[in-house]
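Have a look at the structure below, then the notes.
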Amino acid sequence: MAIGCPADSRKEGAKMNQTRSVWLQELTWEDVAAYLKADDIILFPIGSTEQHGPAGPLGVDSYAAIALAEDAARKAQVLVVPPLWFGDSAHHLDFPGTISLKTETLTAVAKDVIRSLARHGFKKIIVINGHKGTNIAALVTACRNLHQDELPDVLLALVDPLFLAKGIAHIKDAVEHHAGELEISHVWYKYPHLVKKENLTPGQVDLPPILSPFVHEDLFGKAGDSIEIFWNSREQRAFTPSGSFSDSSKASPNKGRQYHDHMVQNLVKFIAWLRQYKGPVGRSK
Amino acid sequence: MAIGCPADSRKEGAKMNQTRSVWLQELTWEDVAAYLKADDIILFPIGSTEQHGPAGPLGVDSYAAIALAEDAARKAQVLVVPPLWFGDSAHHLDFPGTISLKTETLTAVAKDVIRSLARHGFKKIIVINGHKGTNIAALVTACRNLHQDELPDVLLALVDPLFLAKGIAHIKDAVEHHAGELEISHVWYKYPHLVKKENLTPGQVDLPPILSPFVHEDLFGKAGDSIEIFWNSREQRAFTPSGSFSDSSKASPNKGRQYHDHMVQNLVKFIAWLRQYKGPVGRSK
Amino acid sequence: MAIGCPADSRKEGAKMNQTRSVWLQELTWEDVAAYLKADDIILFPIGSTEQHGPAGPLGVDSYAAIALAEDAARKAQVLVVPPLWFGDSAHHLDFPGTISLKTETLTAVAKDVIRSLARHGFKKIIVINGHKGTNIAALVTACRNLHQDELPDVLLALVDPLFLAKGIAHIKDAVEHHAGELEISHVWYKYPHLVKKENLTPGQVDLPPILSPFVHEDLFGKAGDSIEIFWNSREQRAFTPSGSFSDSSKASPNKGRQYHDHMVQNLVKFIAWLRQYKGPVGRSK
Amino acid sequence: MAIGCPADSRKEGAKMNQTRSVWLQELTWEDVAAYLKADDIILFPIGSTEQHGPAGPLGVDSYAAIALAEDAARKAQVLVVPPLWFGDSAHHLDFPGTISLKTETLTAVAKDVIRSLARHGFKKIIVINGHKGTNIAALVTACRNLHQDELPDVLLALVDPLFLAKGIAHIKDAVEHHAGELEISHVWYKYPHLVKKENLTPGQVDLPPILSPFVHEDLFGKAGDSIEIFWNSREQRAFTPSGSFSDSSKASPNKGRQYHDHMVQNLVKFIAWLRQYKGPVGRSK
Amino acid sequence: MAIGCPADSRKEGAKMNQTRSVWLQELTWEDVAAYLKADDIILFPIGSTEQHGPAGPLGVDSYAAIALAEDAARKAQVLVVPPLWFGDSAHHLDFPGTISLKTETLTAVAKDVIRSLARHGFKKIIVINGHKGTNIAALVTACRNLHQDELPDVLLALVDPLFLAKGIAHIKDAVEHHAGELEISHVWYKYPHLVKKENLTPGQVDLPPILSPFVHEDLFGKAGDSIEIFWNSREQRAFTPSGSFSDSSKASPNKGRQYHDHMVQNLVKFIAWLRQYKGPVGRSK
Amino acid sequence: MAIGCPADSRKEGAKMNQTRSVWLQELTWEDVAAYLKADDIILFPIGSTEQHGPAGPLGVDSYAAIALAEDAARKAQVLVVPPLWFGDSAHHLDFPGTISLKTETLTAVAKDVIRSLARHGFKKIIVINGHKGTNIAALVTACRNLHQDELPDVLLALVDPLFLAKGIAHIKDAVEHHAGELEISHVWYKYPHLVKKENLTPGQVDLPPILSPFVHEDLFGKAGDSIEIFWNSREQRAFTPSGSFSDSSKASPNKGRQYHDHMVQNLVKFIAWLRQYKGPVGRSK
């Protein structure tokens, strides 16, 4: 069930009456108080609303974060904060429907949410960023500074498929960049009606002439010597009029399942590790 | 269907294949580009994740905003931005699970989202705030200043049940304040499994001794001479240990339906008015 | 006597030697130290310098705040902070002479002044906003957040004629909006030479075609279902070239006196209530 | 007449009906529009509310700015913005009654007021800072950056007795520092009832042992090699329990008159110079 | 020669009179004007002042950035901005001598410097960050947003040894983390007197028990599935009392030379590529 | 030796092995820890990169700060922070090569550096600003507020040749303003190869017609009655196309030596005074 969707909850029916929902927004404050007596871990999914080519819905990154958070939470029996649907997506703003928070706004939102959680006694907060590299500057800024300055006794972790799925990326057939094979497969697997399969595209932007021979072409591949050149939304619209950077034609629900399960399994392992962890991080006093 | 919930969309099945979803995050950028050729109105639901007493889920205000936006959008055939689940809820922070954005953060998020929409050509943007008075300072600040300084040709409107439901409030039996009869009824009607009916409470906080004889007791009632005294979360926890300010025992799905339908009807009328509106607002150049 | 005006003080002559001025700026720091041994209440008048039609001086809102603060202070024997003459008036900026602080600047000023007062031991600080709805977002933001985050043991209250004069508004003949009958009467009564009586106007802007049928037309009247549309200064200049929104032709010093006295009386009652108040607000520790 | 004081205006009676008030807040927007057809100069007095020893009222710096602005404006026939009563006075905060804006807040207020004036067509804006050295960082920051970045065609000038009265300072008998002979004389001359003559004091803080041999002791004297050491309000209270830094016992209305007239004369000359000035400053386009 | 050091320049004597210095600060504005007639590339070295274990000087990252910028500039005949010696080093603040800018301050400095350069006509600006991962969030934020919002026609690139030296990292013997073999070798090669060879240490912090099995241990190694946990300065001091994270005992000037030359060569190639580059990046208008 | 220049350090050879470098960046954190056991004074040189006419390098102000800090540090045996090469130089931005930080950015950098130092136990921090009047607003703001709000037990001092060299200024032949005789002499003496002697100029801008008869013409001369008018970079380029404000033709290394030695001597005296100082400043607890 995603994000407080009643229909879905109704389907899960009886179970929901027994097993508490993992979503914070569906609980009363007394439910949360009860949870905090026994546990102190919570997940915070952050995505984006930005163009993902002709086949992917604008919410791809948010759906990725939601799916990972929800499934890991159920398996590991922890809670999930309602998702933030907006990220740092300025370089996509020339494609209609993209919504972008300024980098500082995203940092501020992440800080405020984490501060609120810490106040209630959550001590291990895992930010799940949904395959969205440009969110990372804002989220690292939020987490690192909060832990240094305000919340030394709260452990903050940042997860992103870009880093969590290295070990499964070999299943893909194409070089993967924005709106690529794996992230489209991921949404296809979890929310099949949201992918426009007829629009999947073998197109691949040839990046080195645009971003130098030092570009890092495959986000899941081994990087060689690289230098980052920053492009803006107008330039992006010029070099990829469809919005897709890489070949999504080999995307499939089956790849999405493997990719998703690999990450959920990692998250569950990580949460288990956190449960037995004694510091030093988050125990600095 | 709420917020990109696949189960629900599946239920709506065939219709969804024909009629485009109203939710931006479920569309591709090309869908939005097509919409913008014919229309320029969009709704932006903003709620909160804050305690709503022993019976209401933390997401009450968000569910209110989502329900109003979604149903009005379907009836009026306009689009909806994915919801913001976080509001300005600091005075509830002593109740576990409450998440609060700073006032300035909420203003920043609202501004960034509206700027993004305006860039794509949305010219009439309706912010739907879900029964959440403390969000209003931040949202008024965002909308008024954006329209004055940056977006003179975009019409911005702000909706809240506190103001939109005056004409139907007579159906309630009790004085209404936080976590009161009407907002609980609203969620009960739209998302029945999320209300803990067994926890509805006739308790009513006696506000004048706490907030002076000049307090405005009934948020839907006629105000007399009033003065605002500001209370904080520790004080709130002290004067209402349950988190409920007013009697919710008479809440019912039926009242929720009347309340909801009244507001959706108003929104649909307002959108119709906007469609024929020629200015001067939003036509200042 | 207004704002440290020596002529006026001279007039009050002997009395001033006996009875301390109510204005902070006229006292030495030792006078204030003496006051704080016995009392902890202070008033802070905030107005604006913005167009008030062809008959009202730019300082109308400031004069309202000053008059209320000064007279209530004398009657209740409390102190008054020197006035802030500038408010959040951006939507009037197309009329010469209007001065506007950004919303955030106004919040910052209010916070800094209140912090300074709290540091000295003032525990009950009443902000008196002079009939200036657009200041309210900034002032609520300042007061609510200060009390939540920094000054839990200081009671902050916000007063505005929009809310404090509901019970007397029936004396007016016209619908009241900006530069309307009551606020002009108020200044006329207290500062008669500042109103250009020959410029009073029966003109009334027909707001529903401009701001939708859901506009709240009479600021002192009972609101029906309403939605806020934000207009900017260029639009305002277009729909009311004179700057007056509503009929001021029935303004009179007599109405001003009734209106003023009603509010001063309320303020005196409120201060009396504060004097005996034991919490919980401002006693949160 | 000071700051919208009705009594005083009444005294000036008939004249006021003929000669427009110099104070912006007493005029209608149409009066200002008329002024702007013929002139483009305006004065903006900024002071403080801060301790000035046992004899001086908290408003000394504001009264200085008001008196200079008002008298220069009358003589030169220009307008005056309502005064800002609050300055950057943090180092006085250990004395009751002192109100301090943060440096950034003061910069923001000054910028907002100047921006508003520039928008209406004021092209030469003179900030009159009332003998208040610690305001200068904020005001220089505001003026210099506005003129560089936003208002290249507006001439901004900053006046302070510390710099404008060098040529008359020889009339004083004592070394002058905070709450000293000249500024007390100034208020005594203009607002005699506000000085507590019985509290004038010959006390002089011996600054070199406190602030090094490189301290600049006499604010109006020739500086030798100097280094600035910053002290805070607690330290100030410790080294001058009365709040006075220098001997005020020789203060007199007569010295105040000479000091005041010298500066008013300078201001009138400066305004005359501005009237014939053709650039390059403020003519950068 | 580093950073405008006269001794060094004197040594280079005659050459300097013929060949212009590459350092901006050593040139007159007319020299820069002449350069801009022929070229539009400039390098901006950014480092840190932070602990680098018992053997490395606090300036290691700055020396790395300076050495790379200076040598690449000489070979490619481009200019270099004076270095920024301060970075985002909060997690090292428990070691004396570390200086840290807030993330937002570092972003602001980078933006201001780049804006200044762009104003003069520099069109390709290469930020060289000296092996300092925690600077990256701030610098990416600066560059990406400037290029999106303010400087669409300026190409901004970001270089860091972490990414530019992947192809040479195989020369090291140890896992490399903070104060490791390669960065110590780098300084040793270029500034041999600044490394305390007697303090090189084989110590290696065992990170997985501290930062989870998902830690990325070798900054130059291939990452597996990883999750970032944020630690603060107190925790760091606890888990590495010497400040060194990894074995520096195999550091040598020879390794430093290979590492340095590899990167300088890459930079020279990149600058050559930039010289012939026609867009689309930086040509968005 | 300037700023971590290895060549120079090598020259000082043996001495450096015995006597620790005065530059923080050349030390290990353990060296700094050792220093802090015995001393708590440190110097922080701040300059600018801005045009200094046809003869002076862009780094003149930085070189001044570096030279003063380095020589005073060696004589007084204290440490020096690596220099900040960037200042508040917006009014020079129309001359190529000038780099300017916003006033707020400069304040932020100064605050962050000082906070870092204070954290390690430095109790007396001397900011040495290199003949750069426009930096002063930012630096005063940083120092005064830090000492008031955050670091009451740290003594902060601000030095600038404008104030420290009053007693030696008589050696100059010309009126001194930007890029004038003394500051050029200073760099000439310390870094002779950086001054283009062939470009020294007798030109003197006639300031009174530009900045009013109330301009303060000679920065080292006695000020008469003065008023500050703010000019921007475009205006500056117009009134001094060469960038020089005053006659530098009489500059000489000998004058530079006298000027430099006078200030270094003052600094050494001041440091000696600080060493025996017992408060009250910096001892406020």
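So that you can tell them apart, the chains are marked A, B, C, D, E and F in the order they are listed, and the count of residues begins at 1 in each.
Operating definition for what follows: a contact is a pair of C-beta atoms (placed from the backbone, for glycine too) under 8 Å apart; a residue touches a chain by one contact, two chains touch by 3 or more.
Remember, it's a predicted structure, so these values are computed and weren't measured experimentally.
Visitor: Along touching chains only, what is the step distance from chain C to chain E?
Guide: Shortest path length, in steps: 3.
Visitor: Over the chains that touch one another, what is the least number of steps taking chain D to chain E?
Guide: 2
Visitor: Please compute the C-alpha centroid of chain E, do the same for chain F, then give the distance between them in whole Å.
Guide: One centre to the other, that is 26 Å.
Visitor: What whole-number Å value describes the gap between the mean CA coordinates of chain A and chain C?
Guide: The computed centroid separation for chain A versus chain C comes out at 48 Å.
Visitor: Counting only residues that touch at least 2 other chains, which ones in chain A make the list?
Guide: In chain A, the residues touching two or more other chains are 93, 102, 104.
Visitor: Determine the shape of the graph in which chains are vertices and touching pairs are edges (line, ring, star, complete, other).
Guide: ring
Visitor: Around the ring, starting with chain E and passing to chain F, what order do all the chains come in?
Guide: Ring order, starting at chain E and heading to chain F first: E, F, D, C, B, A.
Visitor: What residues of chain F sit close enough to touch chain D in their complex?
Guide: So the residues of chain F in touch with chain D come to 90-91, 93, 102-104, 134, 136-138, 140-141, 143-145, 147-149, 152, 155-159, 163-167, 210-214, 216, 222-235, 238-239, 262, 266, 269-270, 273-274, 277, 279-281, 283-284.
Visitor: In the complex, go through chain E and note every residue touching chain F.
Guide: Listed in rising order, the residues are 1-11, 16, 24-33, 36, 49, 51-59, 62-63, 66, 81-86, 93, 95-102, 104-105, 108-109, 112-113, 116-117, 119-121, 190-194, 196, 199, 243.
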